[in-house]
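Labels for the chains are A, B, C, D, E and F, by order of writing; each one numbers its residues from 1.
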Amino acid sequence: MSHAKPRDLLVILRRGPHGSSQLREGLDTALVAAAFGRTVTLLFMGEGVTALVADQKAGPLGQKGTAATLEMLEMYDIDRLLVEASALEQFGLGEEDLMLEATAVSQASIALEPASHRLVLVF
Amino acid sequence: MSHAKPRDLLVILRRGPHGSSQLREGLDTALVAAAFGRTVTLLFMGEGVTALVADQKAGPLGQKGTAATLEMLEMYDIDRLLVEASALEQFGLGEEDLMLEATAVSQASIALEPASHRLVLVF
Amino acid sequence: MLLHTLNRSPATSRVYQQALAAMGPEDRLLLVEDAVQGALPKLMRYFTGLEGRLFALREDLVARGLEGQCDPSVQIVDVDGFVLLTEEAEKTVSWY
Amino acid sequence: MLLHTLNRSPATSRVYQQALAAMGPEDRLLLVEDAVQGALPKLMRYFTGLEGRLFALREDLVARGLEGQCDPSVQIVDVDGFVLLTEEAEKTVSWY
Amino acid sequence: MRYAILLLAAPYTNQASHSALRFARTLLARGHQLETVFFYQEGVQNAARLASPPQDEPHLVDAWSALSREHGTALQVCIAAALRRGLLDEREAARHGKQGYSVEPPFELTGLGQLIDIGLRCDRLITFAP
Amino acid sequence: MRYAILLLAAPYTNQASHSALRFARTLLARGHQLETVFFYQEGVQNAARLASPPQDEPHLVDAWSALSREHGTALQVCIAAALRRGLLDEREAARHGKQGYSVEPPFELTGLGQLIDIGLRCDRLITFAP
């Protein structure tokens, strides 16, 4: 296991931006936890990898989307971002397509994450 | 096309009983249309075929489910029930497992249905 | 000719299979909301057989940063084009 | 050992794939709500590799008329057993 | 043409309500008529008069009301779906012995029969769902 | 053990709220403590005080209230998720200049920080979702 001491919160993000509030409400949860001084890991799975695509815009009615929130992660000291390697592959996305640096992880490493956090929330 | 004159309403049911209100609210729509004298076809697709499984019970908190509503279809003169043959196959269900008689239809016949109804609603 | 709309990503939901099963040989499919992910070249395989009849909504692609990344076989329309598609089709069936 | 729950049918949603990807080698999976459809013998193939670690909730099977039709390799538990599973597991992860 | 919209999704939780509103405005701009928006299933939440989204987000309840005022579009809410979800107008609140109400005009509670009626009467019915 | 429940789904639309209530009663019957039910996303609809389901269906809002009274379980509703969905208690209604209110005790509007707090403090947190 890569962490001697378990981290506090694993937030698993599985939905893309704009289509539902899942992603935004998951990110809000992560930011609040970080603001309370908790150690947070974000794991982007499935279509959740599209949350990281560069050049997102507001929705046609002015819906804010989630890109601005992602840009705030660093300020909140959320710097452990994992992204499912097979999902990147499935969507044909490379690191150069993403707005943030995230570590591509294999299925085998993903299976280690839930046990190494005190709390796991899936969005 | 099997119908010279288009029928009024095609209700496509794609969710099982109890898990969500989709199925019940789709059936309610069909019953109301029939009560108003409209010709209604029901098409069960995907996990919607599990709506027809025999011996369904109330939910553990007393939720009614949809089996009683299905038993009322005949009273409302809703007698054209189609069920996706490949979905029955996928779930391993045979005609003897179903609570009502429904006509198993191939993909090719399913593709004819939307055009032969004046209104199509998907639940 | 009917217009079918799909709003869930083929990477997440199997509903696209039901849309395809219910489509007649002239029917069109418009990808909206999260389904526009399906316009990426790597996800196009879910929609084979729809050449010339597959559309995706520009505004939803733009909001997701995907506009420049679509497969060239997908026809991109804006909301005005969406309304036009519903005018041209006898009726519309929505898959979600 | 963690308990994972799944509430969507593998016939409808691909979320079961994510649950499986995130499971450790000792972790258990409990099928609840519409996911109990996955306990039918024909749908068991989605859950290969979970022998002895796959459970389904009796009350949800009964409500759906599926109790007598499950694959024998699935362990059927009632809600009391669900709570017991959460007691035995360090924590619970819910997939939906 | 005469259009109708069927909206099945809650605002804010899914994009569907935003998509429906955008579609509604566009079809009106193209010179069509929007006779009715029918709210069913979670769509009835679009009628929640107390909705208080953040200032920098679109206010969908107000936007539907404005659309109705400007274009005469009926906003019909399925009464059975609304009651179980806590969306009651003054009349239904009184009938159920509840203090207060959560739906107000131009939204109107109505039966599911209306959906069939408009679906068959209008030239086009477009569904927006979660 | 000390349990907490996170509920993310609207009542009636999905089974999740029924599943959560059934799980809550069972864990209490097994002698555990249920410290908090936290309502987030569409789960906030479980606090809609005007909910009027048909007589022959379970009344989830009342059932949560009864559970809270009998077992001291806190019913915490995420305030940000609630406001945009039209679920306001008397204080928030006044603050937003609205007449009437849609949430009442024992449901209490609270911040998302509470979810993290109970999630890390309780022995078990179980999520029920749509």
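Methods note: a residue touches a chain if its C-beta (ideal position, glycine included) is under 8 Å from a C-beta of that chain, and two chains touch if they have at least 3 such contacts.
Note that the structure is predicted; figures quoted are calculated from it, not measured.
Q: Moving only to chains each one touches, count the minimum steps from chain A until you reach chain D.
A: Tracing touching chains, the least step count from chain A to chain D comes to 1.
Q: With chain centres set to the mean of the C-alpha atoms, which chain is at the far end from chain C?
A: Looking at centroid distances, F is the chain farthest away.
Q: More than half overlap in residue numbers between the two sides of the chain C-chain D interface, or less? Answer same or different.
A: Shared-number fraction above one half, so same.
Q: Using only Cα atoms to place each chain's centre, name the chain farthest from chain A.
A: B
Q: Could you put a whole-Å number on the gap between the CA centroids of chain D and chain F?
A: Each chain reduced to its C-alpha mean, chain D and chain F end up 25 Å apart.
Q: Using mean C-alpha positions as chain centres, tell me how far chain D is from chain E in Å, no decimals.
A: Chain centres of chain D and chain E, defined by C-alpha means, are spaced 38 Å apart.
Q: For chain D, write out the residues touching at least two other chains, lowest number first.
A: Residues 7, 11-12, 14-15, 33-34, 59, 79, 91, 93-94, 96.
Q: Which chain B residues touch at least two other chains?
A: Touching at least two other chains: 14, 18-21, 46, 59-60, 63, 118-119, 122.
Q: Using the touch rule from the top of the page, what residues of chain F touch 2 or more other chains?
A: Chain F, residues with two or more chain partners: 12-13, 15, 22, 41, 57, 125, 127, 129-130.
Q: Under the stated touch criterion, can you name all the chain pairs that qualify?
A: A-C, A-D, A-E, A-F, B-C, B-D, B-E, B-F, C-D, C-E, D-F, E-F
Q: Tell me, which parts of chain E touch chain F in their complex?
A: So the residues of chain E touching chain F come out as 10-13, 41-42, 45, 48-54, 57, 61, 83-88, 92-93, 96, 98, 100-102.
Q: Within their complex, state which residues of chain D touch chain B.
A: 7, 9, 11-12, 33-34, 37, 40-43, 59-60, 62-66, 69, 79
Q: Which stretch or stretches of chain E touch chain C in the complex?
A: 1, 3, 8, 15-16, 19, 22-23, 26-27, 29-30, 32, 124-130
Q: Note which residues of chain A are touching chain F in the complex, please.
A: 8-9, 21-22, 25, 28-29, 32-33, 35-36, 38, 118-119, 121-122
Q: In the complex, go through chain A and note every residue touching chain E.
A: It comes out as residues 18-21, 59-64.
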